[in-house]
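The structures come next, written out as structure tokens.
Both complexes below contain chain A, partnered by chain B and then by chain C.
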Partner chain A sequence: MRRIRRWVPLQRLREFSLVIILIIVVFIFGNQIDNYYTPRTFNRISSTVALITLVAVGQTMVVLTRNVDLSVGSVVGFTAYYVGRYVSKNEDIAPLMLAALAMGIGAGMGLINGLLVAYGRIPAIVVTLGTMAIYRGALVEYSDSKSVATRQLPDWIKELPQESILKFGEYELRALPAIALVAVIVFFFLLLYSSFGRRLYAIGSSPEAANLAGIRAPRMVTLAFTMCGAMAGLGGMLYLARFGTITVDAARGMELQVVAAVVVGGVNILGGSGTVLGAMLGAILIGTIEQSLIRMNINEFWKDALLGLCIIIAVTVDRILINQLTPWWSRTELQRMPEEPHAAV
Partner chain B sequence: MRKLQLLLVALVLLTLTGGLVRAQDPEPIKAEPGVELNMVLLPKTLGNAVFDEAHEGAIEAHEELENPGELIFNAPTPDNAIPGQIEIIEASITQEVDAIMISANDYEQLLPSTTKAMEDDITVVTWDSPVSPEGEDLFIAQVDFTEVGSVMANMALSILGEDGGQFAILSATPDASNQNAWIEAMQTLLEEDEQYANLELVDIVYGNDDPDDSYNEALGLVDSYPDLELIMAPTTVGIAAAAKAMQDEELCGEVAVSGLGLPSEMQEFVENGCSQEFALWSFKDLGYLTYYVSYLLASGAMEAEEGVVFEAGRMGTYTIEADPNREDGLRVLMGPFSVYNADNLEEWAAGGDEEGEPEVEATEEAN
Partner chain C sequence: MQQSKRWAWLKSWEALMFIILCTVVVANLRLSEHYLDLNNLANIFHLSIEKSLVVLIMAFVIINGEIDLSVASVMGLSATVLAERYDAGWPIAAGFALALCVGVLCGLLNGLFAAYMGIPSLIVTLAGSIGYRGVARILLEDRSVGDFPSWFTSLGQDGIIGPFPITIFVFIALFILGFVILQYSVFGRYVYAIGNNRAAAEYAGINAKQVKVTIFMASGLIAALAGAFYAARLGNVRANAAEGFELDIITIVLLGGASIFGGTGTMIGVGLSLLVVLNLRNGMSLSNVDGNTQTSVIGLLLILSVLVPNLIQILQRLVPRLFTAISRILNKGGATEPKSQVSVHQ
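Our next item is the complex of A and B:
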């Protein structure tokens, strides 16, 4: 038992409690809705969650450094549109090149955010509120308010959402969730065990200490924003694949879903703690509640309010579970458990 | 000499009857090109392809009438639809424009601003979706609203067949006045007419004219009703999103998608069998006609009164009539409906891309 405790840090416990809540939520909806436990429900929720997760992975890095990026929805919308236009004119571009293009555009937009926040010393919420509107405006201008239609796209991109990587009976792991899953795994280890990742945690935990330790915070913050932009760019390409029709309004409001997923997933909005695994679980929890509410016979005007209520209840239960479990978990330890392996500085 | 007399009598008669004919069927009012008018085209929201087409039509009329003034295209974002429209109307009043052409997001809530605009001698013409009659000069109706109901009911019947089956409606927003009127017309028809007796409407859901929401609502319908055979979407955003959702879930043979769709967005889904049939009117023509009417009214060439006959460029002659669906309302009825399926869609596609290379259009005009 003690050994398990030593190997499983507190953060895993938090993620464990999210999994429990997820199971409870699924059970409740399963009781209320006919034909709930079907492969299609699973496939549908997993595809929706994949997009949010991918962007939430980038957002996690930014939030770890005590910042927030509200422009991700606009970045997703812009890249979805730009890539859609581009691929309709250059049909034979290789999928990986297209992904690189999408990530490049996103990274460029993220870089602007990062430079303004890190070197301009403007609060991130102000910078990204501004760029959220600017990037959206750029999209309206660039598009001439025309939309990208499905038929202009090459077949491979239209069929991407149906592609299944793994099959368990009728339950499929499709391309979009698979890409998101790979991103989560890569960034999970990158953030926890690489020096880049540890520096992000250090900056968020204590900027002064990080500074004394010789970490160049502005450079790291810029890098975090740039990577967040790149992930949003990739998200934009997948958004294009999933919905086909892209208007100037694509992915509007997505930033709120993403920030909600990150916060519900236990990433501290004040920086310094949390993991991409948590962010993914947060995205799954919100996605499941949202998609399941569609199936319930509820007045249209109440759905958003109910979604908000469900999220608050879920987070409250999560806090209670954590508070109950923490003392029991670290009972035999001397004083406290380190939240994560210590920042390797 | 006698011949000459006969000719003279004939001539007199001809002039007389000519005068009579004129009295019965007045010469349509024609627009005088070149009047400087600043006009605002205000559709429901940004990012909806049909409104871009209406914009194209308005630009065509703007150029044809050689209006040296400005044609301003402005619309709110979907999350700010009603307040956004009010703001744009208020701003237009301040800018002292000559005409505002609105596709209204709400029947009542825009009234204070549109009435204010009319008091300031601004011509207010609604199109696509009207406001209450006291807040507008007149309404350009794309088609008769009850006709939309019967066109949808007929498409449902032809897809589901005599034996009928379950179908659901995927609409735009719960408070969209045009969609609600169409759905109501369809429901009345389903209840009253025997031939639709086997069509069972199981649910009405709302995708808020957002591709993302509409996509998920469509899949939600399929999950909730395992016997569902048809999704009827009276909105171009909804129908395309529903068709894409059925395609992604490989449900195209099982659940049909129909409703009001843009040929350019739906062509692909008709080809792969996800949608057999859908209908729409031309939004480009709607924009063109709206511009013409607004120009005539704002330039003072025409009054908004019942029975007035006017000519709208390439589209021919129209009459202002009482709106049977709205008390004290005036309308100009455009029509007609085009029903698209695999047969005529190919023709449509061969006839020219909706992207509309200007050169092609120019030659069409020249002809």
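Our next item is the complex of A and C:
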């Protein structure tokens, strides 16, 4: 038992329990819906999840530093529109260049957020509440209330969501989930093993300690916001590929889904703990519930009520379990020596 | 010392808001000759009366160090419950009472999870805002319910004194009540104490959990009342009623000088910022500015209102340092021999 405790950190246990919940949810839906275990369901769920996951990866970095970015929905909407307009005028632009453009715009918007939060010393929720409205307003001004239509787009971007990267029999891994998966893998290792990632955790766990350790928190926070913006920008391009038609209302309210995915995935909103893998699992859980309820014949209007319930249950259970388990889990042999009941805190 | 104290209020947040308000009003006067029309003045308040009501209780929530993102959904749910029950044959008054009860219940749930389970209220009310809206969707699906009796819609639409409908007077009464409770009652002092330092407040014997739950319940109640007013004003309810209102409401409170970390802010400041935002929106509407652009202007105002005082603080620290640096460089340039520079440093 001691060995398990040593090799399995609490965070892994959290993610493991999310996987179990996910399997149970899929099993329940499989019993309720005919033809549930089909490639079609898988593709549908995976392309919804891909978008949320991509943005949630960026959001995770911001949340790790005790901040929150509510402007991601507007950033996704703006970049989706801008990139759509741009590509309809310059059809021969290379896909990678377009992605770089999208990420660049997103990064610029994230940089503004980051500078205001870190150097302007304004609470993140105030800044991003404001920029959420400003970026959306910028989109309305820029677009002149016209929308981007699917027929204006070049073929490759329209076919991107159908492109399959890997095939396992009838199940295929399509382009959007593949991009999201790559992002998750890259950022998973970046956050856990690079000094950049560890600094983010340090700032979130204890800003004073991080400062004393010589970490320049403002610089790191700005960087986290910039990367979050870049991921939202990439998300905007994929949003364009997936939906084709972009109005000024594109991705409105997406920030709520993204924050919900991050929180359900066990990333502490007070900073300092959580992983990108968890955020992805949270996104998968939310996306699965959402898409499956649409398939279910009972009533699609139940979707939001169940989603809210799901978030509150996930967070409450997590809070109770972690509170109960943490002392037991972190008790090492050394700490166990004095057997006073009140010493274990 | 006395002299400086007399002018100290000029540096306060309320003074800043008052100056901005005067600027906005003057700009509006120059922009449109219809601004001072009695009808337009009534419209300024009338068209946002629901938001204004919820702003009052949101001030309590934020000063207490919490946040309530679910108010817009509670407004929508309350309007939906009222409409759905009316559609099912209940009298309006009974539906109204049920809607208020539902609002209090929503607030109670938020408060229990936030105060007693210790989950950050940002998450609790985020889940609430999705969930309560979901319940509204279950109730009304994609129907739209209208055809309320004329006495009910006239409550929200027709003026009782001049063009001012009764909802405005309800707002004024609640504003005075909120002002007295927040600034002059024991409960109000508790709200500030908990927002400033919860642990210290609890050591001083304040039951912080109880105060928080009370405030969340009041927030639900006022939001439900505002939702009913919304139904009366529009005469027609859909499940997406009042969607997105929470951002405007929170923006107004933060602009009013309340810190998102709790403990600071006054009812007067919030009232002034409400006037600023309403007049700004009205002025922009009179000059045909699009609604989304209006929102982004208010977003900009929100950021600037926190940024400018912070920048001034930073500058106040930087400028003397800059002067010493410049004088040091000048000294360096003036001194030809390196020895004298050393002596300056010693």
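Observations
Following the convention adopted for this analysis, the second predicted complex is superposed on the first by the 297 of 345 C-alpha atoms of A that agree within 3 Å, B and C clash if a C-alpha of one lies under 4 Å from a C-alpha of the other, contacts with A are read in each partner's own complex, and residues count from 1 in each chain.
In this text, a contact is a pair of C-beta atoms (placed from the backbone, for glycine too) under 8 Å apart; a residue touches a chain by one contact, two chains touch by 3 or more.
What you are looking at is a predicted structure, and each value in this text was computed from that prediction instead of being measured.
Touch criterion met: A:V248 reaches chain B and chain C at once.
When the two complexes are overlaid on their common chain A, residue A:P95 makes contact with neither chain B nor chain C. Touch criterion met: A:V315 reaches chain C, while chain B stays clear of it. Looking at the shared chain after the overlay, A:G108 reaches neither chain B nor chain C. In the superposed pair of complexes, A:V68 makes contact with chain C only, with no contact to chain B.
Contact with neither chain B nor chain C is seen for A:G30 once the two complexes are overlaid on the shared chain. With both structures placed on the common chain, the touch criterion links A:P218 to neither chain B nor chain C. Touched residues of chain A were counted for both chain B and chain C, and C has more of them. When both complexes are overlaid on chain A, the residue A:G120 reaches chain C alone and has no touch with chain B.
Residue contacts after overlaying the shared chain place A:K146 against chain B, while chain C stays out of touching range.
On chain A, the surface touched by chain B in one complex and the surface touched by chain C in the other have residues 140, 145, 248, 301 in common. Those residues of chain C that touch chain A in the shared complex are 67, 113, 117-120, 122-124, 126-135, 137-138, 141-142, 239, 247, 250-251, 254, 259-261, 290, 292-293, 295-300, 302-303, 306-307, 310-311, 314. Of all residues in chain A, those touching chain B in their complex are 33-35, 38, 40-41, 43-44, 47-48, 140, 145-147, 149-151, 161-162, 242-245, 247-253, 291, 294-295, 300-301.
By the touch criterion stated above, chain B contacts chain A in their complex at residues 45-49, 51-52, 55, 73, 77-79, 174, 205-206, 210-212, 215-217, 219-220, 222-224, 226, 237, 240-241, 244, 247-250, 264-265, 267-269.
Note for the complex: chain A touches chain C at residues 68, 116, 120-123, 125-127, 129-141, 145, 248, 256, 259-260, 263, 269-270, 299, 301-309, 311-312, 315-316, 319.
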